[in-house]
Structures are given as structure tokens and as C-alpha cells.
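By written order: A, B, C and D. Residues from 1 in each chain.
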Amino acid sequence: MAKKVAFFGLGNMGGPMAANLIKAGFEVCAFDLVPASVQKAVEDGCTAAANEKEAIAGADFVISMLPNGAIAEALYIDGAGLLDLVEPSALLIDCSTVAASSSRRIGEEAKNRNIRAIDAPVSGGVAGAEGATLAFMCGGEATDVEAAKEVLKHMGANIFHAGPAGAGQVAKACNNMLLAVHMIGTAEALQLGVDNGLDPKALSEIMLKSSGCNWSLEKYNPYPGVMEGVPASREYSGGFMVKLMQKDLGLAMEAALASKSATPMGALANNLYNLYATMSDEDNADLDFSSIQRFFD
Amino acid sequence: MAKKVAFFGLGNMGGPMAANLIKAGFEVCAFDLVPASVQKAVEDGCTAAANEKEAIAGADFVISMLPNGAIAEALYIDGAGLLDLVEPSALLIDCSTVAASSSRRIGEEAKNRNIRAIDAPVSGGVAGAEGATLAFMCGGEATDVEAAKEVLKHMGANIFHAGPAGAGQVAKACNNMLLAVHMIGTAEALQLGVDNGLDPKALSEIMLKSSGCNWSLEKYNPYPGVMEGVPASREYSGGFMVKLMQKDLGLAMEAALASKSATPMGALANNLYNLYATMSDEDNADLDFSSIQRFFD
Amino acid sequence: MAKKVAFFGLGNMGGPMAANLIKAGFEVCAFDLVPASVQKAVEDGCTAAANEKEAIAGADFVISMLPNGAIAEALYIDGAGLLDLVEPSALLIDCSTVAASSSRRIGEEAKNRNIRAIDAPVSGGVAGAEGATLAFMCGGEATDVEAAKEVLKHMGANIFHAGPAGAGQVAKACNNMLLAVHMIGTAEALQLGVDNGLDPKALSEIMLKSSGCNWSLEKYNPYPGVMEGVPASREYSGGFMVKLMQKDLGLAMEAALASKSATPMGALANNLYNLYATMSDEDNADLDFSSIQRFFD
Amino acid sequence: MAKKVAFFGLGNMGGPMAANLIKAGFEVCAFDLVPASVQKAVEDGCTAAANEKEAIAGADFVISMLPNGAIAEALYIDGAGLLDLVEPSALLIDCSTVAASSSRRIGEEAKNRNIRAIDAPVSGGVAGAEGATLAFMCGGEATDVEAAKEVLKHMGANIFHAGPAGAGQVAKACNNMLLAVHMIGTAEALQLGVDNGLDPKALSEIMLKSSGCNWSLEKYNPYPGVMEGVPASREYSGGFMVKLMQKDLGLAMEAALASKSATPMGALANNLYNLYATMSDEDNADLDFSSIQRFFD
């Protein structure tokens, strides 16, 4: 008999994730406050739930993909209070990207009730959600992360166990902070080369084979005309939007403030993206994050 | 008959480079102001020259490996004035890491005299010099870079043509600036993770397979205990010293000033290394550059 | 008849503040979890309260000076819940330095109950508390700030109304962020001059009369030997400790994150203080904040 | 009998400076490559010289106000070679803002020839030049600076002796770097306050009376509508242009590189101005430097 999944948050990311579970043979009961999202989920084969409580009836897995920590905490604790309503056997998987402190709170409250719960924020974007190639960075008990693979493997290609509750969020924040740092560093280095008469393609090739090599340079060259099939080759449309990078950098800064960690490069990256996003008369927040290259023209 | 090379600067880098040319069958005439360096070169099979002029007599190639631009300019133009003394058929290869403006001046003065000259700064350090695995980043005419390969290939594994005179210096400065940026970014990200309860090894593995991936993380993990055989596993001894990174960042900053390029991340990296190098009661300048991890403890 | 003040938090700051109110003729009922603090307050003329509720009985003013927002929120809302217990006529004055969001929450909850409350963080340190020369930066209704002057004027010399609830905290965060920025800028400029052969006293005098002039240079010169009677002249003992500046910068960063404001210089100042505070084998967190000069030696 | 001044460089700054010397009774012989500048100088009462040599004939003072160090070095050493041509009794005063290394070279070459020479860069802009209220920051022998006051006092209000040759340049670079740092810090702090609901005028008044106080806040508030008569009140026209601040920050960075001084805040200020100056579709380089406020909107 098909296992049952309660799925909360069926937007650009959650929608295709739930659809992939349907394809894999799960029975998915969907809940979202946006009628159009529910409608689309039903077209994909989900059942619509009238409310949160109905959605989780008999669920083996509860998966949530929500926009921020306040909404996630409301769903599980403060508002709908699912932690007090789910089957004791259910496994809760919050795929939302939120502050580590939010995930730790949900994890702790779940533990107090003997409910299994993990945080599992993703990377890979809409394309990853649609193609089931997401990476999941999981925080929680190792056995629970292992058990979660039964569903996660149908939505993603890589499943990492980062550590205890909240560790998934921390790992994602660290990774994306580092990504922002080398993306801006790459953009600066390429422009410095161009300003000194070098061809950006020749310089990219040299750095790719040298110690400057990094993901931004190798998979996502920000300089227009150097690499095909990346946002830089289509005027920075598509891809991972500046505003999403701002959100992730904000979460990294929040974590750094809480642990009093020094992150000078990360903080500068955060501020440069904030400045870039609101540059006068431009609307850069919706462009791909590699468009920071334009800042250095 | 063996081709003749005049080699200037037989220190930690130049010494083994010249030795590799001897092994490859070249006749090498060495000049250095430090007697011990000359002595060692002679033991390796070089001939010692009494002065600069004697060194270049009949040379097919003139190679220099000098500590800074003033010394290089003195050798070729202002002091010994080799540009006016070399055989018209000789090919000049300056492997020194100096300001692009220095290399451009030497290139221009050589061109005025119809002398072929390229800049060819290296990366790879002493180990690369000894093992003949250096990378050469060359600036100058394509045909001259091609011709230089006859000797360069015996001293290195990668030979890049970056662009016109000075472009080799620019490429190296860009690459090493980017290296410094992602090294510090990696150190910050790892410490942020550790401060939030993550294991540095687990976090490193996640970021290696994610968009945070970069050379520092993959080949040179700065966190002690994560990777074997790197400076971090031997208290940051050996490797690429902080003071050498400071020199390269200084050259990158000089290039950026000259072209009025904005390099906020590179400038911050430069300043963090300057602060770190002179931290009170420490002598960090001689440690490997990945020891910047300690700054974030 | 003497007006009655309930005073919460009688530490290094709150203690002398309460003592000044006693001197001004107020009846002060003190509460603190640390017995020694209560003991000292009683010696200064306060009455000791057995618990929070007893402290506020009949109070015209409730003043709190607490270490962080969680404790302040617990006192007024979540724990002791004073907002539900105080006399309707009492005026609540929270002098704690906390996040603006904390003050806004307390302000809003008070308003819902028709209780008058303002936030009034101070600057001036222990010396200001003892000498009754503190500056109060107040957030709340203008009439409430006006009414608060009846007590505040006996503890401080300047009382500013910054805006609505939380604005006192924002004003203090902005001011102290700017202070950190020009303190570090001043330290850098002085060291740059010294490194280039200038006398720090001569350079200070020039900048004091020029556009570089700022409070750090004028009142608090960080370079040893330039100004008498400042922390730099006594090895950075006394004064405003690095760890307190770190706290204030953390609050400024929190405010900036919440409003998505770009503060590149403030963020760098925050990170430089974090790096400086934990420099290996040093214990800089307890030194005066002008000791950041040592970072640039 | 009137003393004679040879004046080189009669542009926006040099022109009114020379005119003030005429008013003070000096005989001024002017030289400039731009005919219109010479023409204007003649209208102001100067004599036009056909060449550099003619200009200095019988001169008691030689004053230069040139755009960069290469031009200054050409005038005194490499090109016109005035150091070999001037009267032994003449006092040379270079008011150009150039690298300290340039001024040191001119100072040294002059000393070798027993010629008295000082560097005396100015602050105060065109208005200061016209109103004879410039500040001169002088480097050189104390007796020479003293002797220079005979002319400088007619062109400026403050004459500082910063130290040996080049020290005038260093003092100006330090001062303007610090100015840039607190200008940007002030802009950030004001915007952070505004973003959190504060009135920029109220916040300015609080910080003016607090430890955040600085010249930018007091004399040159960058937030529109807060202060009258400053560039911010006239859309940032007039004042000290962004491109001039970029030049001065570049010189400060050059000095810092030469002395390996860490200037993290100054370097960030330099980069923020570089980014701001070339923000796409804007032409910010000609606006007043306080317009950096717009970057934070």
C-alpha cells in the first residue's frame, strides 16, 4: 500500500517536489493558503486538504516547504501546532530555508513530544525541484535522516547529514555564504583582468587550471560571453535570483551574530549584494546573482 | 650542440629551475649576487659568470627570476642594461613576479630595440620549481611565448599565454587575489559551521559537492585535521607563505589602483592578511597562507 | 511626599543610577537576582524587594537596567509579567540596551494595556552613571519622554527623544556604529601616518583642524602618548570595553538585517572588533575599545 | 621692491591662488600649457612666461599646482629640470597633490643641489583658493616651511608643518582617507536610522551631541533636507567631487601599499567610491562626495 505524505507549501519549489513524490507512487495530501498552488497540486495528482489537521491524517511523512521561519514555527508549534497533532510514527521533514534557531526550536519541541523531525533545506532551485536533482542538507538524528531518504531520494540527487537539529540550515548558510564570496571574488578578478587588457575567456581558462579555481568560475562564469548556457549568456535572466542570495546571506549573518563568529568576507558580500540589489533606477533583485559582475563594469 | 641559457637569480626558485635545464641538456651560465647561490648552481652543473655581460655571451635564452621589479628593470634597462647587450636573436624570459607596469616597461623597451622578451611569472612554489611542475603565465607576443616553450617545458607543466606584455603578471595577480578571497571565505565558512556545532570534515564534504566548492577547500583545506598532507595538518609549516601572498596581493592592488578597478573583496583580503601577518607577539608572516584559519578561531 | 521608583537591575550601571535617585529624594525599591547588588543598593538607601511584584507596589516610575532583551521581555511580559501588574498610572522606563525589536514589542504590549512605557538606553558608561551625566536616547510618545525627565534628569545630562517605541535603541545603535567606524578609521589613519614617518601628535593636530575631525580624534585619541587622561595613556584600561562595543555593534547589525539596510563600513567594524577581541593569546575583550589601535601596529 | 613668484599651473585652483598673490603685492610670472589659463592669469595681473626657464628668472618663490606627480617630477627634474635652473636662493613650494614618493624624490633631488623645497598640498577646494582660506599641509625642513609662510599666508588660513619631505602629502592622504571613512559611516548610520523609522534630522542632532560626532555630520550632513547650504541641499552639486575623493583615496592606498600598512576601512571606502562613481547609467563622479548617501537609499 502506498505511503502517505502530507505536504505543506506547494509553490515554485514545493509544487514540483510533491509532483515527483506522486510519480514515485506516494499518496500526497497537499495544503497551501494559495488556491492556485493547491489547484496545480491536484492536477499533478495530489489530494487537497481543507486544513492542516486534515492534511496530516494518517501521514507517514510530513514535508514542509515554507518561505520563512515564523511560518514554519507557526505550522508546527505556535499556530496550527502540528507537533501535537501528528501520528507518533510520522517523520517530519522541514525543507524550508530558515534560521538555524528556528530549526533548533522545532527540533527541540518535537523531541519533547517524542516526534521525529529533521531540517532539510535544499539547494538546486526550481530546476532541481523539477528534475529531482536537489541537494538536501539535513540536520537531526542520523537514523531519522536515514529514514527520510525514502522520500528525499525521489526529490533530489544528494542527501547530506550535516549534524544535529539546525545543522542543515547552518550547512546551507555556510555554503551559500562561501558561494557569494567566490562569485564576487571571481567577478572582481575577471574585471581587473579585463581592465588591464586581458581577454576574460583566456583569463578564465588560466584561473580554472590554477589555484583561483572555484565553482563560480567553473560552472557559472559571470562574465558575458565566456561560457554558454549560464545566466551571464542570457542577460542574467533565470538562475538563482539576487534576492534569494540576499535571503541566504541574511541567514548566514544571523547565525554569525548569534555565535559571535567573525565573517568579514561574508559580511562584505552581504552588503555588496544589498547595495547592488537597490542600485538607483535598476531592478537587480530579480536578476541572477552572477549579475553582480555588472557592479564592476 | 647544446643551446645556451643565461640565468639570473639562482635562489630558492631559480636554483632548482636552472638545475632542471641542466638536466634537460642546456648549457646554463648563472649569475647571482649571493655567492652561496652561485656555488650551489655550479654544483648543479651551471657555469658561473663574473658579471651580467659575461653571462649573456652567446645566450639563446636569457631567464631571470628576481625578487622585485626595480631589480628586474635594473638588470634589463637602468643598471646592467642587458637590453642593449644581448644577442639580437636571444629570447628574454622574465619569470620574476613584479608589477605589470614593470613588465610592460621592459616589454616596450625590448620592442624598441627589436629584442624578443616575455614576462612569465610562475605559480607552484619551491616544490613546483624542484619537480618541474610550475605553471607559467606568459605575457608577450604569441610567437615568442611559443618559442619560449623550448625551455619552459623543462621547468613547468603548464604554460599559459595570457595576452600582451605584462599580461602574465596581471593573470597571476588576478588568480592569486581570487585564491586569497576564497581561502579566507573558506576559513570563515568552516569556522562559522564549527561555531554552530558542525564537524569541519562533514561541512567540508558537503560544500565540496555543492556550489561553495573551490580550490582552497578541495586541495588545501585550511582547517586542521580535515585533510592529510596539507599545511593545516602540520601546523601550517611549509607551503605558500603569508608574506608571499602579501606580496602578490600588493601587486594586485597596485594593478587595481592603476586601472581604477573596484576590488572590494580583494582589498579586504589584502588588509586581513596584513593584519594577520603582524598580529602582536606572533610571527605569522612565515606560516603557510592557509593559517589565516587561526584568525577566526 | 516622595515619589516612588521601582528599580530593576542594580549592577555597575543601575547601582549608581539608583543611588542618584535616592540623593534626589526619591524612594527607591530595588530588585536584583544578585544578592550583592541588592546589598549595595540598600547601603545606598534603597529598600529591598522580595520579588518583582513587591517592588512595583505603588510605584510612580518603573526603571529597568538589564543585560539583554530576553531578560527585559521576561520582566515585563513573558516571566514576571509586570505589564499586567503595575499601577495604571506608572511610567515604565527601560534603560537596558537591547534590540529595537525587543523595545518595540514591550512598547506595543504596554500600549495594548494602556500602560505608558518608553525605551531609554544610555551612553556614558559607569562614570556617567556615577556622575549623573549619562545621555538617554528615548523612544516612545513625546509626552511620556517629557514625563520621564522628572527622574532621568537626576541620572543624566542629556535626554533625547529619538522617535517612537524602539527609536531610542535605534539611535544608540546608529551612534555607536558610527563611533566604531570613526574610531577604527582614526586608528588606521594615525598608523598610516606613523608608518610614513609622521609624528602621531602632529598628524592628530592637523586632522583635528581639518575635515578628518571626529569625536574619537578629539576626545579619545587612540594613539598612546598623544592625549592625556584617555585610555590610550594608561594601556587602554578603564573606558568603554571592547566587549560592550561588540554588543552594540551586534545590535546595529541586527537592526540592519531586519531592515535590509546596507552598512558595509559598520559590518566591517563589527568584524574587525570580533577578530581583535579574540586574537590568539590575548584578552582584548576587556580593554578599552580604542585599543583597536594595537591591531594596526 | 616686490618679491617675485614663478607660478606653474593656473587652473581652477592655481588661478585664484596666483590672483591672491597679485592682490598681496607680489609680482607673479605665470606658466601653463593651457592658453586660456594663461590668458586669465594675465587678466588677473600676472605676467606670462614663454617657457619654464623664463618664468623662474629672478624668482624668490617657485610655486606649482599640478595635476599629478609625473608632471611635477617632469617640471622639477626629468623634463624642464627646474632644480638645475632656479636661483640658489629661491624657495620651491609644490602645492600639487601627488604621491608622497613623488614629493620625497623632488625633496631629495633638491637637497642634493642645495635648493630649498617643500611639498604643500592644500585642502579647501576652489572656494578656499578663491577666498584665500586654504589649509596647507607642508612637508620639509621647519625653517623652509616657516619661510614659505610669507607667500602661503596670502593664499590660505592654516599652515601646518607635518614633517619631513613628503609628509605634507601623507598628512593630506591620511586626513582625506579618514574623511571618506566617516562620510560613508555617517551616510550608513543615517540611512539605518531612517530605515528604522527615525527622522534623519532628529538622529543627526542626537549623534552631533554624542560620540558619533564627526566633521561630515557637523559641517557637511549628507542627508538631503537636514542641513542648509551644503551639497546635499542642492542635489549634490558643487562641493568636493567624487572623482577628487577617488584621487585622494588612491594616493592613500598607494602610501599604504608602500608602507604595508593595514587600512581595511580606508580600502573599503576607496572601493565603495569606485563602485559608486561608475554605477551603471549614472554619472556620479562629478557629484559632491557626500552624494554617496544615495548609494544607501
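Just so it is clear, a residue touches a chain if its C-beta (ideal position, glycine included) is under 8 Å from a C-beta of that chain, and two chains touch if they have at least 3 such contacts.
Quick caveat, the model's predicted, so the values are computed rather than measured.
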* To do: Name, by label, each chain that touches both members of the pair chain A and chain D.
  => B, C
* Could you work out which chain's C-alpha centre is the most distant one from the centre of chain A? => D
* chain C-chain D separation of Cα centroids, rounded to whole Å -> 39
* Approximately how many whole Å separate the CA-defined centres of chain B and chain C? -> 51
* chain C residues counted as touching two or more neighbouring chains -> 260-264, 268, 272, 275, 278, 295-296
* Structure fact -> Per the touch rule above, chain C residues touching chain D in the complex are 100, 123, 135, 137, 158, 160-164, 166-167, 170-171, 173-179, 181-182, 184-186, 188-193, 195-199, 202-203, 205-207, 209-217, 219-220, 252, 255-256, 258-266, 268-269, 272, 295-296
* **Interfacial residue positions of chain D with respect to chain B in the complex** => 246, 250, 253-254, 257, 260-264, 267-268, 270-272, 274-275, 278
* Asked: Which bits of chain A are touching chain D when the two form their complex?
  -> 268, 275, 278-282, 294-297
